[in-house]
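Take a look at the structures below.
Here chain A shows up in two complexes: once beside chain B, once beside chain C.
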Partner chain A sequence: MSQTSSTGVQPRTQTPRLGWLSRPRSFTDSRRFFLFFMAAPAVLYVLIVGVWPLAQGFWYSFFRYNLIRPARTKFIGLDNYIAIFEDRGARQAILNTFQFTLTSVSLQLFFGFCLAMLLWRDSRFNRIALAFLLIPATITPLVVGLIYKALLGADYGLIGYYLANAGIGPRTGLLTDSGTALWVLILIDCWEWTPLMALILLAGLKSLPADVLEAGRADGATAWQRFTLIVLPLMLPSIFLALVLRTMDAFRVFDSVFVTTGGGPNDATNTLMVLAVKEGLQFFNIGYASAIGNITILFIACMAAVLLLVVRRADVRINGK
Partner chain B sequence: MTKIANFRLSKTTSVLGASLLALLATTAYGQDKPLAGVTLTLASQNDQFGAVLAKLAPEFKEATGADLKVEIMDYGTLLTKTTADFVGDTKGYDLVTMDIVWAGAYAENQYSVDLTDWVKRDAAELELDDIYPVILESLGQYDGKYVAFPFAAYANVLAYRKDLFEAAGLDVPKTMEEMVADAKTLTDPAKNQYGFVANGQMGAAVAQDWMQYNSQMGGSILGADGMPALNSPENVKSLAVYKELFADTAPPGAIEYDWGGREESFRQGIAAMMQTWSVGAPGYSDPAISNVVGKVGIATAPVGEGVAPEYGVGGWGMAINADVDAKQQEAAWTFIKWLVSKPIHKEFNLDGAGSFMRISQMTDPDLLAKFDFLPVIATTYENGNGDYRPRIPEYPEIQDILGSAVNAVLSGAVEPQAALDEAQAKAEELF
Partner chain C sequence: MAQVSGRQVFAERTAVLLITIVMLLPVVWLITTAYKPSNQIFSIPPRLDFQPTLDQFRNIFGYFDVVSLLRSSVAISAGTTVLSLLLGVPCGYALARSRSRYATGFAYFFLAIRMVPAIASLIPFYLMMRDIGLLGSWWAVVIINTMLNCAFVTWMMFSYFRALPRDMEEAALTDGCTQLGAFFKVAVPAARSGIIACVLFCVMFSWNDFLYPMFLTTLDSKPLSVALLTAYGTKDITWGSLGALAHFSTIPIVLMALFLNRYFVQGATNGVQ
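Our next item is the complex of A and B:
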């Protein structure tokens, strides 16, 4: 029997079955397919260097797992997490990390905003001043820590020697006293990162609609009213961005603490990252260090969520949307 | 017939001929140099010996044909990198300088080659009788097996300022009680002059120095049962004295000093007395780094009244990575034997390694001419104790626990009894 149809049109030749690759696709499908392959290397990279270690860290945190004592490896459920909250030093590290983050980021926001307001007007002086102000942010925190340690040393420090001789602060130096050490670290962090905060906020200020500000002025609003009723509400997205970036960064503070105080004295400056590095890289206590890392991630995620909520609510209250 | 005068080698033939000659030369060289073509990588602590090891590398190549790459790093980095190399089986290092206190961990985890049979086989070549028994035992052995071979021994000694002691009419302290009294007498903050200096920095620095003083005052980290006894009455008392010494007689910044800071303060002339490892002693007479040239005396460390004279011994052994293949292991052993051989080890010390360990070195005229304190080191080794810091697998954690506790006491944040009680509770969890 002939395969030619009565209309004389040849039936489409059956393509060999090659699976889903050979299926006819629409333009949208092809585009999606193409985009997927374009993204695949990046996705693979993130899976390998981001997701996989994260998952492994999560898994290890349920084990007593020390690289130096592999024979003693044992599944212990949530014991590593319980141990963190039972240990005085680790509890202190959590408190210190929160105190450090909240205080330093708040101070940086306040002074950063002040700096941004001062530099708002576009002038040559302001541009030059901004460039100089950003110098601290270009120095790696480890070096900043070493510089301040050298400056504040009671025996040879350019600042510490005179402070100790003048009887200001503890005799052994500001970084060696449990009452002052954390505050010094907070100030060091502020010195380094306030200019960055100012830069982010300045970018926000520069993008404010000039007509709205002009309208406010024309309507006779005072400077304070213009700041609280126009500038602040419009700046909320920039403030949120600056806060989230700095909060995440400050919460995982490590370098400056490690080289100045090492977490001491008496855990007064111990932070979660210092603790994790000590447990993981000094004692190779991988299970416990993983648990500390996971708790840090959880805290950072919670703080970001809280920040988002606060800013949303403020946005609704101020802008009414 | 081709005339000889007209015989000319083609270019290819010339190259082949030259290559053959070069190959023959290499073979001959290889026969002369049994380790030709071998490269040994050594992870070294950045003590004085590190630079000298690197300096000796060409000489080792000349003797054996092997290349020696020396990677020098600080204490923490050395521990982290080598441990990672061992546990990851990455064979990054053939040879590792092993601190005396890591022996337990090395033995328990079999990180290094057990050298016991090789040491027995080559005993005559190593001239074991010429090495102090305390050094052989504590710098190399653990439970009777050689996990490393000693190459850099240090004696804990008292470095003191002869000029200040003479001016004050004081004799060199023989007991800890005399040392505390002298330190107070020699302290005058108005002149930026302090009687004593020791490590105060949190971590290994303060822990190791305090363990030394603690041992001299009759304290002990482990009890008779081998379990931690950190809060024993003797330890609490010695920590209280240590705190008093820091508060009344040490430079204000001493609480931040590690070994380098402590030595620096002594060389700068701020401190009158310091217990230290003998390895630092050559530096006091070096005008490039010292303000106290010719003013420093070295004596045996004081001990507590009624405590049997036992002096601290420390230092480093050379371990061979158990993961590397047999050929590398044997080459590494050749290097160790070469390094500790009498002439090379003498040269090693003359070059400033400060790592004396052979009995014959203590009376060697060349060494004595340069290092007049060798008799003090000899006395220390003859009555040496290498176990005042327990060389057990749990030592790194115990050291860290003590490092935090002692530093907290020195900072005034907590009292000795409370700090050592908490430290004891933490240490017990390790066992």
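Our next item is the complex of A and C:
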């Protein structure tokens, strides 16, 4: 920062103006002043509406605080956090959330990459196809849940009925069986978000330097060698970006789970978000729900850090820097 | 990618076409459900052929106050979008043009805010709105949606403005243009497509969201998304009616995303980097 040049000592100032700005100001000084006031409203807004509630949530998580019994509010230290890990249902929700996130993001990365490779050639056909492929990502997630709930129902569902009759899967339907429900939710998530993953990866593919790819071809590398030795290493930043985005979104999954199974049967599809919403806004167990929310934030931050570290490592190993 | 055979291109296109069709089948099914008569929705075995009818659309006007639902959805989306852009675009610009070493840090702060799970701030926010008496109004939803969306817009416009050269604005400033003038007459027009992408995403996020309105609105102020959820589970309402109602909640956004696809792609790729 060049603070010293803006003290008004130097002759490089504009013509003095009247009014409260009459003190001669350097160009950068008024610019900085202006930019500060352009940024301030949004920063203030997010601090008041975003960060303040988060801080309150952090505070509430150390209390036994139930809206239905406000008189019994009491500071209980870390008891809410301990309760999460002692409760079987909550432990199940943590495991479910991790299973959901890891499986669905890996599947999406794999299929998304395949799709991006298919769409790599820049043509009108591919652009139009991509536009249509992105429709699942733009549909209300709530409606997505309803669609699959209707399709997979064992009694009248177009898919569910025939599956149940052919003896494939549980008789009550895939979404109402504790063994299959989570897997169905994973597949729904893949249906919804694989195209978006492909889109992010495609943007990475299109920005690869053409001469490097051409050089690989000219040197007689096979298609597989070109893929593993040239495309994949160069794509690491895009892959990382797509992974971070989708991991964080998948970890916060709420809409499709809440609509299709509501966390059931027997907590088999309960995720951290669904658990927190139920505890906080249906049972008004504010302290406990806040603790779950904070744990979720902690997990997300840890995963982002791990992903960052893994990519740094891989980058060093492949690109040697 | 040079020298590829026509056969390979053909194979690729067939694959893409097949994938697209399979991916879109559930959506097509949802749309067609709305034109089926109720007795054919619950037929055993389920069938694909049916006599098209508009009964379901007539039904939903009986079950729901569709106009009021639409009004709520539009009010929430419009309010959120306008406020988010008013807050986010100047902030993104300022952070991109600032020479302060804290600017990038602030930009990442906005990105991090977007990644926080909704529930963590929703519960304290719910209590806050209850205390100031906004619970149950559109404002409660608009206020919290604006927080998330203006964080998105700030980050997106930050990366967009940073990629634009500053020469033009600096030239305008030396020519005697005011700071605000340089922003509105030079920077904003240059970033037009980024701003359109922001509008698209803000409308999409706030139109599709149902967690916030579910807990923050009442019967009179609930938007379409909440109505869809509560309608499901009441016994008079069939999948057909839900399909018809889903027309209103999905088709505007899908059409918008299709027609503004260029901006959608920009928002989904440029906005996050």
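Here is the rule we go by: the second predicted complex is superposed on the first by the 287 of 321 C-alpha atoms of A that agree within 3 Å, B and C clash if a C-alpha of one lies under 4 Å from a C-alpha of the other, contacts with A are read in each partner's own complex, and residues count from 1 in each chain.
One rule holds in what follows: a contact is a pair of C-beta atoms (placed from the backbone, for glycine too) under 8 Å apart; a residue touches a chain by one contact, two chains touch by 3 or more.
Quantities reported herein were computed from a predicted structural model and do not represent experimental measurements.
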Touch check for A:L241: first (chain B), second (chain C), both, or neither? second
Kindly classify A:L281 by the partners it touches after superposition: chain B alone (first), chain C alone (second), both, or neither? both
Between chain B and chain C, whom does A:R32 touch in the aligned arrangement: first, second, both, or neither? second
Regarding the shared-chain residue A:A164, is it in contact with chain B (first), chain C (second), both, or neither? first
A:N266 in the overlay: touching chain B, chain C, both, or neither? Say first, second, both or neither. first
Per-residue touch tally on chain A - higher for chain B or for chain C: C
Would you sort A:V46 into first (chain B), second (chain C), both or neither based on which partner it touches? second
So, does A:L118 touch the first partner chain B, the second partner chain C, both, or neither? second
So in the superposed three-chain picture, is A:Y156 touching just chain B, just chain C, both, or none of them (first/second/both/neither)? both
Both chain B and chain C contact which residues of chain A? 155-157, 281
Note: in the complex, chain A contacts chain B through residues 67-70, 88-89, 149, 153-157, 160, 164, 171-173, 175-178, 261-268, 278, 281-284
Residues of chain B touching chain A in their complex? 76, 79-80, 83, 87, 105, 108-109, 201-203, 251-256, 265, 270, 393, 396-397, 400, 404, 407-408, 410-414, 422
Quick check on the complex: what are the chain C residues that touch chain A? 1-2, 4, 9, 12-13, 15-17, 19-20, 23-24, 26-27, 29-30, 33, 41-46, 48, 87-88, 90-91, 93-95, 97-101, 106, 109-110, 113, 115-128, 143-144, 146-148, 150-151, 154, 173, 179-180, 183, 204, 207-208, 210-211, 215, 225, 228-229, 232, 239, 242, 246, 249-250, 253-254, 257-258, 261, 264-265, 268-270, 272-273
Touching residues of chain A toward chain C in the complex: what are they? 1-2, 27-28, 30-32, 34-36, 38-39, 41-43, 45-46, 49-54, 56-57, 60, 115, 118-121, 125-127, 129-136, 138-143, 146-148, 150-151, 155-158, 161-162, 165, 191, 195-196, 199-200, 203, 213-214, 217, 241, 245, 248, 251-252, 254-255, 259, 272-273, 276-277, 280-281, 286, 289-290, 292-294, 296-297, 300, 304
